[in-house]
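The two complexes that follow have chain A in common; it is paired with chain B in the first and with chain C in the second.
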Partner chain A sequence: MSQSYNRGLIEDFSRWREFSAGMWAWIFHKFTGWVLVGYLFTHIAVLSTALSGATEYTTTIQGLESLLIVRILEVGLLAVAVFHILNGLRLLFVDLGVGLEAQDKSFYASLILTGVIVVASVPTFLAGVTI
Partner chain B sequence: MAERYTSFKPGGRRWLWQRLTAAFLVVVLAFHFFLLHFLNHADEVTFALSQARMESLTYFSLMILFLVTATFHGVNGVYNALVNQGLSGTRKTAVKVTLGFASLLLIVQGVRTALAWAGGVPI
Partner chain C sequence: MSTQVPEQVEDESASETVSTGKQKRDAKKRERAERVQEQREVEAAEKARTADDTYHLKVFRYDPEVPEKQEPRFDDFYVPYKQGMTILDALMWARDHYDSSLTFRHSCRQAICGSDALFVNGSQRLGCKTQLSDLSEPVRVEPLPHADVVKDLVVDMEHFYDQMEAVEPYFQTNSLPDGELEEQRQTRENREKVKMSTRCIWCSACMSSCNIAAGDNEYLGPAAINKAYRFAMDEREGEDMKQRRLEILEQEHGVWRCQTQFSCTEVCPKDIPLTEHIQELKREAIKNNLKFW
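So, the complex of A and B:
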């Protein structure tokens, strides 16, 4: 029989100060996953303006991209996507039995690399926007 | 004994598919971001540029596969998260049907949009 444990204790979020690196990785991966799936539906909805015609599509996308708030949200989306990708790679390796003993270090590495990539991408993501 | 909620079923294939789609998406999502934010820029997007990309069968089929795998990975991830939180019985079935229907709608709408750009399947 499989090993069982009290999930209620580890899923008590009021104990967040006691969470280990692995628990934070689990929470961040879940949070970024929810954001990405929500964005996927929104993304297809916005792209669907292509069904109304070329002008409607171009006007909609360029109108959205001219807004600073949209560009800032895109930087947020990049952060979420990059973390989910890097932590997802970490999970794939752990599933294959590689790096389990260093899973906390690889989580910190995912966070740092996400930060570096996002900061380095800010100029590109904000290019051409009018404030 | 504490109650045990898990979306993992021994012998099940969804666990494997979640990992296989993850490995695919890691590469394609990174490519998608790189192509549409770094090589091309967000404020330069036009219907004609999207159309030019979609008229290539390689790009078109990659995007359709991207849509299907991302939908499966995302929606299956949501379902697993809810099951892991203790979703069961009739509510579990209702959530499964709703998510399945939402996935189907998303894929149909995505394919329709891709076809609008490409002007049909680009063979």
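So, the complex of A and C:
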């Protein structure tokens, strides 16, 4: 063999066309994981306002909840968290070697369940908190 | 005799006695024949393109030794469909009728040699096991992803074979039977356990589909781990050997790289539950290291 052709970037992109259920589950799990890590920091920042007194904390929460964008983001956060939990359970079963032949179905099930829970939560979140 | 064109050409070069008139006539005849032939080819190509029972194949072409083919391209082939035609059949037909330089590996044509794993319509498949009728047109045939292309559809398998060799894919044991002619019997249950893993044909479809293997060149890959599973789970090899095999597998680039994307299991032409085997070896490795009992 004198020479060989390295398909480089084009091949790196073409790799993403091979998607099947398991691949999507992996991608979503990584993505939601990173989103949750990011959220953790804002969560700590908001909680730490309680250090300077109860009223400070309450006004912060009220201020945040009065913004529509925050309430919408909360719905997104719930979606991310619920999917991460459900797919995490799915991965637990995969690691235990249980139901491997139904791994795609369990992925779809976790997607649907996430959708249902998120839709059901929309009225509650958009109504906001009244303290 | 005068209709045999090639012989006349020989005659012309051999002797000067042929009259110039005859030469002219022959030249004209040849020209006409060539024209007719050309027209026929064009017609045939046109017919193939428009016919209902042909399949349109787009085949990846690359050849480092031909300047025109150094830049990869896709060639279109229109192959007349016969019932039961596979990708491999279509490629062979295209090679025999259109372009004899079309290069691809194939041998047994019955899904046991593992030579013709190809990337067909965005998924790794065995050419000889994939029915044309199952695919949507145009059928895109590419060499296996995540491997260097040597020529056309031929990829460099060296790395894959290295990974396979790394897990010592052969039977080894310290406990030989006493009698010289005594066989090393395996229990039926144990045979059932390793049955699926023995079916591997080293086609590299799983390795090519694995995203982790694509990003990490040192990762053993599904095929090699499955091979290791076949022997690690074989009770006849004994505890020492199993220990040795697990030590190979539980290294940084061994079983723990698998992130259960199930791509390998989806593409395996022999339906080996690769992910299941990798997961079982993970559990074996943990049990082996914990040993509370």
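Quick note on the criterion: the second predicted complex is superposed on the first by the 112 of 131 C-alpha atoms of A that agree within 3 Å, B and C clash if a C-alpha of one lies under 4 Å from a C-alpha of the other, contacts with A are read in each partner's own complex, and residues count from 1 in each chain.
Please note the rule applied: a contact is a pair of C-beta atoms (placed from the backbone, for glycine too) under 8 Å apart; a residue touches a chain by one contact, two chains touch by 3 or more.
The model shown is predicted, which means the values in this text are computed figures rather than measured ones.
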Chain B versus chain C as contact partner of A:Asp95, first or second or both or neither: both
Partner chain in contact with A:Ser20 - chain B first, chain C second, else both or neither: second
First, second, both or neither for A:Lys105, with chain B first and chain C second: neither
Comparing the two partners chain B and chain C, which touches a greater set of residues in chain A: B
Chain B/chain C common contact set on chain A: 2, 4-7, 11, 91, 95
Residue numbers on chain B that touch chain A, as the complex places them: 1-5, 19, 22-23, 25-26, 29-30, 33, 37-38, 41-48, 50-51, 67, 70-71, 74-75, 77-78, 81, 85, 102, 106, 109-110, 112-113, 116-117
Complex contacts: residues of chain A adjacent to chain B: 2, 4-8, 11, 30, 33-34, 36-37, 40-41, 44-45, 47-48, 50-51, 53-55, 57-58, 61-62, 65-66, 71, 74, 78, 81, 85, 88-89, 91-92, 95, 121, 124-125, 127-129
Residue ranges of chain A touching chain C (in the complex, touch as defined): 1-7, 11, 14-15, 17-18, 20-23, 25-26, 91, 94-97, 100-101, 103-104
Chain A-touching residues of chain C, taken from the complex the two chains share: 62, 64-65, 72, 122-124, 142, 145-146, 148-150, 156, 209, 211, 214, 259-263, 265-266, 273, 275-276, 279-280, 282-283
